[in-house]
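Quick one: structure below, then a few questions.
For clarity, chains are labelled A, B, C, D, E and F in written order, and residue numbers in each chain start from 1.
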């Protein structure tokens, strides 16, 4: 099985973190390919930055989907989802939706620990869109400005650990999600010091995508995730046009 | 007052419909400028088509916002919202959110009449995102394929009228929204034959945008709609970069 | 266009504030007529006081509706709505519903700043009735007793400013509503010192009512806001009887 | 124990039905006093008719509350509630809220059978206000016009029986509420022919009010149902003024 | 009328508290029989302990239902409900659902005061299952470990009183529920010192069960609470088998 | 990795179906052990039957958990969850929660196809408890009585196929869940004839459990899923006592 993991942020240092954690999480015979957004921002904190990223991801999916079995969108907030699922006939999994599923299977309420205050609104809306607002205990985040997105988890490991314990003690979270690709792998290192299960988006995304690929539940020939109806269009990239046209039409 | 009305569809015939209805709805001293998406699809029916449109709208906003007082996004489903509101300091109003507000001020429950079955999922999710699902009586739509997006309202005026009456009689709608830019102006011509208020997205969008501009309630210096924090980025268009940089940073 | 603005409170000093702000908000050719509740309480803080006001407003609407194009109910909490919309065939807009629409068009979450703790329950229920509870960030209010309802906004401008900033900083509100007719106009004077858009109910009500009148979306010939079915009745005022009987019956 | 049962409709024939069923439902030592609204409509079907009734009920409560232990508002839709609970220190129970409680104790989902289509919107909103929308299976109603409100349950016993069975068979209701004071007592006569528990509003209201009176849980000295804060007022009836003033102030 | 009140906890001292309060709450001619769970834990704090209790209650109901008119499940959290209502044709009322109904009839928002932090999750989920989450102001609980479950209300009367006042002052509760059978009767003794109505689960359960028995609304011949369809089974106790088989089958 | 798959129904024929599908779904190095409920009913259709099953499952978990890495509860409706997760420190996954997660990762709305009308209420409540009601398009079920629970999927393959297509065409489901252990494996055989992804509970449960085991996210040392506080108890089985006592106490 071959999975394409897309970093919607433009930072290669984050892609490295993603690659390492994805590799650790994947089964031995799962091949992991990581691609980085060719344009956009260093790390996505707002809805607008996510909108920009969505276009970049669409292009990467269109370029590479034919060679892989499943795709993981590796930015918390799931830029471009669920829209991007209309584009191809293989599983496209966001690390938020994967993390939420992984969390709710382990506890009735989860909290999200994030890297900045600004990012909270986007995350909250994302959880709401997925219909899981009633299981969200809280979102808490770092207060201080970040130095280097590639070293956030090292620079702030103590505050992040405090936040994780705080959501357990004060917000009654049964599960903690350490949110954001820049924190990829942190759950693994902090896990033992947090008294409830800790979910990492990257590894959750990889495992959920592996599961979907293995299940072969079928494709969307009808319904709102099938191929968009064909119609006149202009200015779409050749790769996106080809992706749309190679999906069997309903 | 000068309003930029953006047609996220690429069809000039729809832009013409939009321009006419916007002009009819606007106050005499409101100047209306219509721009058409430079790339994308003829008419947006799915989330993915909306995602593509969002990028095109961002570019148009970035190019033209400095010369106008407010912006109307003229595709039902509100592609790119609320993300696009982060980009500039003037009101950016979607015709869906405007139509919903106009509808709920006139009745406790509204229905949406749409031009295709496929489009329903996107509309339903949009209403849900705005938190108004409890006031949605139903969404009903045309069943037959469209011939020409510019003449839908003429080609299908009888079925659309029947649907509008059906949502009143069977779904207990107090207000009907005729949804989609291709139906711009239809409410005006059918109004007398539908026994409840009928809302047109374009005219609702223009009036709501005029109201916001007139109210001068202030800009977002803080919070989730203020300027995205500055950070490294690559590949953004010069216009988008300039728009982001000319918003006062929090 | 001529709008009837009804102050459901019995205080003439509040009517003066309403008149001034309504006049400032209205377009130049909009005529504003303000009427004050002939009976009831000085300012409405509770559901029971609102119930009393509803009867008084019904009478004023019945008396004056034939001479105007639209009606604004100028007490936050919208006493008598949506019931009063059944009475006449012109738009009847509450300042709460108008403020909520104006707020949600400018941000995903809003907070309400109010003049007393007691008033919070009524406001919270009102937002819930409108189905917008998911977009309410918080309600905060003054703690101290009021001296004179006509000078609340002057007497408490500092605490109100602090509350407005607090809902932004602590409750993640993207928009602030300064609630209650006694605060009419305060948004205008404080706006520059609050870092997000600030909505004033009176001006929002006037603009939304102007928009509805201009849109001429049609009347309720069917549905739950059409004329109540005729039946035996006793003791209704001649004006209310006449209003009911002059609506075309379904 | 003495209970005041208020018929918010002006029809004495409905008051007779109410009196009979209340008497049958009450414990032997409960005294039942029925009063009829001195003004308003024959039977309430709409929000506006309910608004008118609310004023009439307020007056009756103010006049008579001192002599009774509890009050039942005997119109489905609960006109004036929860506002009227602020007025006095004894239990004031609406037959809707009483019927809903009685229903949800007997099944996870209930349906409401009503006497007219027009009345459905008001009932639906009432259930929503009480927060029990998720347990409402459906509302169904008679289609034909009524002849005489006092004989509805006889004139339409067959269609009402059919509706009651329909909500069980098609809407998966576990409990049926026969709604509206004009149907008082019908549950008793039809019960054996409906295969699930059938709730009558009047008897539910009497039993719930008896229970509250017996429980003596205490009064509202604080909070949103305590006495409205004293303030200048004009034009209130002497009885309402006295009722407000005899509640201990917070 | 004869009511079976089941203590799902194994503690006889709590059964004594239940018996006393049930007796005080019941009408003079209501006979109260209390039974204690034959197996399980001293007092239920978690979902798993509730699961164990559910089996014990099922057995007690099966053994004793034929001799009584109604059954009260006397542990907050309502172990085994609504499942246990499928077992017999007489009312089975949980003290949580009874307390919630009793609370919402007296105020729009209620809070729950509980005996331990751990118990909160179970209670919160229970309120959610009943669809009344929107009317829950808060849950607060004792922090310190309990000495003896039979004397909790004496050992902690001051902290419990403080919590009850806190939910009124800080969480805007209009009604307080003192939750848990170990607090049976405490509402009666503390009532005068809490400024809003205080609901006791046991007495609420008894009054609601008395009301249902008196109303004789009918049994479930169809629907999800009728007798489970007959099918092969093994290992069920003779009493449970008999109870299932003596319900008329749909 | 070794997974214990528990059939909460007593039917060995269903255990055989479960074993086959679990084996097909599992990775090659995952060992599958299936156990059948030692008491209860042939197949669970109601809440009460689920309550009985919950006790049986608890005993099986207590007996066998020490030898396995994860547990799958293989009855749709997830009897005993989330309570049973308090009992042990390894993942316990219900096939409903697993199927729901697998479904929502593949579409915004899913429908459930079930084997009997009676079973719908239990399933609907289960989805609601998991907070995913907003993503449920519909539940549809077989109408005719079953002959043999072990051959349902063969006896009714045509009607089940029709139902699966109906929820796509009429209810706008993007994903179909074929619900219930008796349908284990049917998705695999019918998949090609249903135009959207089809989820099988057993295989979803196995993949989700494998994923959780592989992720090693940590255990519940605090919070509502940690070990229940120790207290006096009587009559618990030695295995359950041992399981409770071997979890590290918070």
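Note that in this section a contact is a pair of C-beta atoms (placed from the backbone, for glycine too) under 8 Å apart; a residue touches a chain by one contact, two chains touch by 3 or more.
Small disclaimer: the values here were computed from a predicted structure and weren't measured.
Graph distance from subunit C to subunit E, where chains that touch are one step apart, equals 1. When the partners of subunit A are compared with those of subunit B, the chains appearing in both lists are C, F. Centroids built from CA atoms put subunit F at 43 Å from subunit B.
Centroid to centroid, with C-alpha atoms defining each point, subunit A and subunit F lie 26 Å apart. Across the assembly, subunit F contributes residues 82, 108-109, 120-121, 125, 128, 133-134, 172, 174, 223-224 that each touch 2 or more other chains. Taken together, the touching pairs give a contact graph of some other shape, not a line, ring, star or complete one.
Checking each pair of chains for touch leaves A-B, A-C, A-E, A-F, B-C, B-D, B-F, C-D, C-E, D-E, D-F, E-F. Interface residues of subunit E, counted against subunit A in their complex, comprise 120-121, 125, 128, 133. Remark: subunit B residues 108-109, 134, 172, 174 touch subunit D in the complex.
Note for the complex: subunit A touches subunit F at residues 25, 27, 82, 85, 91, 93, 97-98, 101-102, 104-109, 130-135, 168-169, 172-175, 187, 191-192, 194-200, 203-204, 207-208, 210-212, 214-226, 250.
The touching residues of subunit B, when paired with subunit A in their complex, are 10-11, 38-43, 45-52, 54-56, 58, 80, 82-84, 86-87, 116, 118, 120-122, 125, 128-129, 223-224, 228-229, 231-236, 240.
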